[in-house]
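We call the chains A, B, C and D, going by the order they appear; numbering starts again at 1 in every chain.
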Amino acid sequence: MQIGMMGLGRMGANMVRRLLQDGHECVVYDINPASVAALVADGATGSTSVEDFVMKLRKPACAWLMLPAAITGANVDRLAGLMTAGDIIIDGGNSYYHDDVDRAEQLFAKGIDYVDVGTSGGVWGLERGYCLMIGGPEAAVRHLDPIFATLAPGNSEAKEAAGESMRTAQLGYLHCGPSGSGHFVKMVHNGIEYGMMAAYAEGMNILKAANAGNKARDVDAETSPLQTPQYYKFDFDMAAVSEVWRHGSVISSWLLDLTADALQQDPELAAYSGRVSDSGEGRWTLKAAIDTGVPAPVLSSALFQRFNSQGDALYADKLLSAMRFAFGGHHEKPKEPPKTGA
Amino acid sequence: MQIGMMGLGRMGANMVRRLLQDGHECVVYDINPASVAALVADGATGSTSVEDFVMKLRKPACAWLMLPAAITGANVDRLAGLMTAGDIIIDGGNSYYHDDVDRAEQLFAKGIDYVDVGTSGGVWGLERGYCLMIGGPEAAVRHLDPIFATLAPGNSEAKEAAGESMRTAQLGYLHCGPSGSGHFVKMVHNGIEYGMMAAYAEGMNILKAANAGNKARDVDAETSPLQTPQYYKFDFDMAAVSEVWRHGSVISSWLLDLTADALQQDPELAAYSGRVSDSGEGRWTLKAAIDTGVPAPVLSSALFQRFNSQGDALYADKLLSAMRFAFGGHHEKPKEPPKTGA
Amino acid sequence: MQIGMMGLGRMGANMVRRLLQDGHECVVYDINPASVAALVADGATGSTSVEDFVMKLRKPACAWLMLPAAITGANVDRLAGLMTAGDIIIDGGNSYYHDDVDRAEQLFAKGIDYVDVGTSGGVWGLERGYCLMIGGPEAAVRHLDPIFATLAPGNSEAKEAAGESMRTAQLGYLHCGPSGSGHFVKMVHNGIEYGMMAAYAEGMNILKAANAGNKARDVDAETSPLQTPQYYKFDFDMAAVSEVWRHGSVISSWLLDLTADALQQDPELAAYSGRVSDSGEGRWTLKAAIDTGVPAPVLSSALFQRFNSQGDALYADKLLSAMRFAFGGHHEKPKEPPKTGA
Amino acid sequence: MQIGMMGLGRMGANMVRRLLQDGHECVVYDINPASVAALVADGATGSTSVEDFVMKLRKPACAWLMLPAAITGANVDRLAGLMTAGDIIIDGGNSYYHDDVDRAEQLFAKGIDYVDVGTSGGVWGLERGYCLMIGGPEAAVRHLDPIFATLAPGNSEAKEAAGESMRTAQLGYLHCGPSGSGHFVKMVHNGIEYGMMAAYAEGMNILKAANAGNKARDVDAETSPLQTPQYYKFDFDMAAVSEVWRHGSVISSWLLDLTADALQQDPELAAYSGRVSDSGEGRWTLKAAIDTGVPAPVLSSALFQRFNSQGDALYADKLLSAMRFAFGGHHEKPKEPPKTGA
């Protein structure tokens, strides 16, 4: 079927390619003409403006946005101004689901259907397929089924399933509920992702530190002594440990596959400084937990660890040192130059 | 090759079966004669006492213990008393790695090699193979290689690897280092497991609570109001969501496979009361983090959540209510009967 | 000076009494006529309706609201409809500071000044004075200075201070900044309060459990054994410990004073079931931390512990048990009847 | 009465001064003769060797050690070798309570009493008195009562108390139980201290960041946008806020007094780099919580925050960045130079 794609960054461009490969017709637009040209070369229909983009879409027009969250709203409005009742706007980016709920309500008044699609798969999606978490009105979602079926990974081992939800879930896409539900599920997915990543990272860090008993240690009142150095004399091969866990252990996962690969390339991870970004979904997940009174100590710890890595505990840490000096006369130990991890 | 297995519970018995199926000769012992008889029927050589067990092992005798941690020490001592220099004792249970370090040192004096093997795979190991994390002296570990190769999952896609460690890691077993290192790596594996499990559980709990805006809510000074109920009106199909994440998402994993299966059987999980046990490794992982000064907020949160589920926050919670009454005159709200989660 | 007080609950009524005792003139209103009558008996001027209330206030009318957050907004609107330019509305309740920012902007258009006052002191404020955290326009705040000075504790040891802020801070009230800043500071105050309370509660719980080595313990695969029972044979006198800490220790505080008093009345805290409410400020504090990227692991842990006590981890805990059964065949241990803490 | 003090650092020397001022006779020893001389000038009896020190103590000899934990054990042994049955050794340092339990058992065999005293009060103790948490045999503790009474703060408002425990607790010293119990209670005291300090520090950090809406913010895919900048436009006077909380608020405490003082000297805390040491007790508290199955999320978060400040999350953080690159192609943002907190 025909679909329009607006926003041809890494994600958008790869999704178009996956759609073209499966025989769909793609009208594409990006503010960068080179991005458009690249996909035209691959068989897409290019467009030179938002107006041109919408004009090239047959009715009901289906326009998929794959844009940064910050500019999605303005572009939804712009598209909506050019579209007519019965058309469908799909937001496949990382929007806050509150915005979906609000936008869907506004567009409903104009007869335009709004579908929010949480998209997971990253740079691997072109080859591996994208996991799609979909929110919006039933009819619009059903209309887009061929697109979803192509973008999703598919599953040669899918079993007979009782209902439509379970059938498509096995293929890698799911209509989760009304508007906003797709991005809600994707948001929680990312919250879980933060937690899992942190679980691996903390565990690997403990392994890395298991040679503490072999190292010289400052002996001063500001350094807690290692009481039993005899139990910390292990020098682990980080790449091999992460590799062995991939085979038969309880913690095997796709993230572990990637971790093992990264550690095989460089067990010291020297290319990284350890500043870990967060892109919003982890924050929103936590806000949802707070609103609904759900304990989320693991997900919050994972998020705060990233904030820490971004340097944002500094004032708190200074205050702790100031208090220690005030009540105990403890002089702050100088910060060491960043450890190499070696 | 020949191997002795002492302790024929779920794990030990299945490991014997996997070894027999691959042509190894297994001498087995358990205090329960019926457990011995069952494996004799499958082709193992039975024994009627620890003495008989050791006597049936050819030199160098290799005896693998698969016992609860609490009785492993006494049985290692007993075996050692019957063995001679050059023999090998393997502890495949969930021992604390400190005990390994201490035991290996004692047995070294007698010329007996001690090998600690952290074993992951649970009830699936017979079919799927066990992930083996091995600590101990080089020669003994090499001697046991055929046993490890059989127990491990193997890997038809294993690649050419630079060294022996990476070669066996791809097959699912790894010589991690000196005595204790196998159980150390297994301990951290379980710590990570707790963290991953909690990440999924918290996320699914947030999804479950996403219909809070559809529910009546107490209106009193002791209940924090839901400020934006319009954003919490989702009734998610927990089984379908966990299923879709298995296909192409960043959080796909073996634990997620099992979770999806459990939720498909009963999305309300009515068979469970929510008391989550912990078996020691999570605690030890945290102690290692504390000793070596490694931040482990996610792993500790996961452990403490289990303690909470075991009812052990009670006195702390009472004290919080007592303080609230003392400074603010807040009367404690009565505890509700446990929610059904529905 | 003259001030109107609307909302004569525990807090509002006591504040009126403190103001009357210091010679101020108080016009009071509450939907409950008995509450009005009680304060009229103490010397206040009663009113029978919001209209009557506003009419009895001399210009510029100063009306202080001491109402539950949920109904504050509607009453601010109602008052504003009856007031004229130059009048002042003070919200001394526990409103979300976002609402202050929004309300102040709306009222500014009408020329009415809006002042938000975070008020701490609980049931002890009448006698001990209230700590006042104030946000709003400079002139309005200065106009109300005599009221603030009376409500605050005062301080016979206040020192010469460089500026007005430090002068009043020593007396127990502070103009923190523009509209919303008073409730912002109060919100963070409560966030800190949660953290401090939890620190004491966790510590006391550890003391309480220090006799674990004297107790029988289940011996089964689902119970982690106590490795060193010889170090857990202490039966602490909780009341005496909390009392001794009040004298010369680093952790002496007003909360500890109250805690010691509660434990002296009943060290088992039998009157409490351990369901700990939260009233919103802790949640908002955490949202502010999330928005601004500030790590707040302690404040979040304290909040989530309250959610736990409210029973809201249940679905997550069930899922953990379901996973444990799925990979390891672990059968859930039955939940014990709530422990008495004894 | 006569008492010997071994170890004349800041704590030991001040304790001797407090004892001398109250008329006690103090024999003092330190490896640094200048430290001995300084106290001799204040009226103490000096000694030139451990032998000389013990010889100058009348029977039953009472020797109080105030030494770093790392060298306490060796000195206890040395003293014990010079003492006779009926003598008393007091450890007032920050020893691990496990060591007390073990030492007391060894000394009991020789008839020497061992008393462990957790001592809180820091640099303020000389003037303010020390909070003493005491473990050991009843008779020895009673014998030392005059010493404890002098060192403790005392309390002019102490009330009639039912028992001896509550009587002395009001004065600032408490016999907590058998050997080890004094240091156990002190250990938990420090655990609580970490939690309280972190609660203040996190809260103050949130206040500090409340001007985020006034600041320029990177706009890129690796920076989570601030969704509602209009609510983050507060520039708080940190010194004034901490001061106002001291008067009538729920969070007033001695730590807050010190914090307010530090912030008044420099609200930017420029003298500190934010490397926060920990001296062992926080770690031990957590181990006790783990052993006894007590949830301690707040105390652990406070400890791990210190580990973070010491740079020990680095490898974990690098691994997180490596994973993000692996699945999403996210390039790590460069680390900024440390923020000034301004």
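By definition in this document, a contact is a pair of C-beta atoms (placed from the backbone, for glycine too) under 8 Å apart; a residue touches a chain by one contact, two chains touch by 3 or more.
Every value quoted in this text rests on a predicted model; they were computed, and no experiment measured them.
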{"item": "Selected interface, A-C versus B-C, where C-beta contact pairs are more numerous", "value": "B-C"}
{"item": "Longest centre-to-centre distance from chain B, chain (CA-based)", "value": "C"}
{"item": "Whole-Å separation of chain centres (CA-atom averages), chain B against chain C", "value": "43"}
{"item": "Mean-CA-position distance for chain C and chain A (Å)", "value": "37"}
{"item": "Of all residues in chain C, the ones touching two or more other chains", "value": "122, 198, 200, 202, 205, 209, 224, 227, 250, 254-255, 283, 291, 293-297, 301, 304-305, 308, 312-313, 316, 327"}
{"item": "In the complex with chain C, residue positions of chain A that touch it", "value": "250, 283, 286-287, 290-291, 293-297, 300-301, 303-305, 307-308, 310, 312-313, 316, 327"}
{"item": "Chain C-touching residues of chain D, taken from the complex the two chains share", "value": "97-98, 101, 120-122, 125, 128-133, 152-153, 155, 165-166, 168-174, 176-178, 180-181, 184-185, 188-196, 198-200, 202-203, 205-207, 209-210, 212, 224, 226-228, 230-237, 239-241, 243-245, 247-256, 264, 285, 288-289, 291-299, 301-302, 304-305"}
{"item": "Chain C-facing residues of chain B, complex", "value": "10, 68-70, 96, 122-124, 197-198, 200-202, 204-205, 208-209, 219, 221-225, 227, 254-255, 258-259, 261-263, 269, 271-280, 283, 297, 301, 305-306, 308-309, 311-330, 332-336, 338-339, 341"}
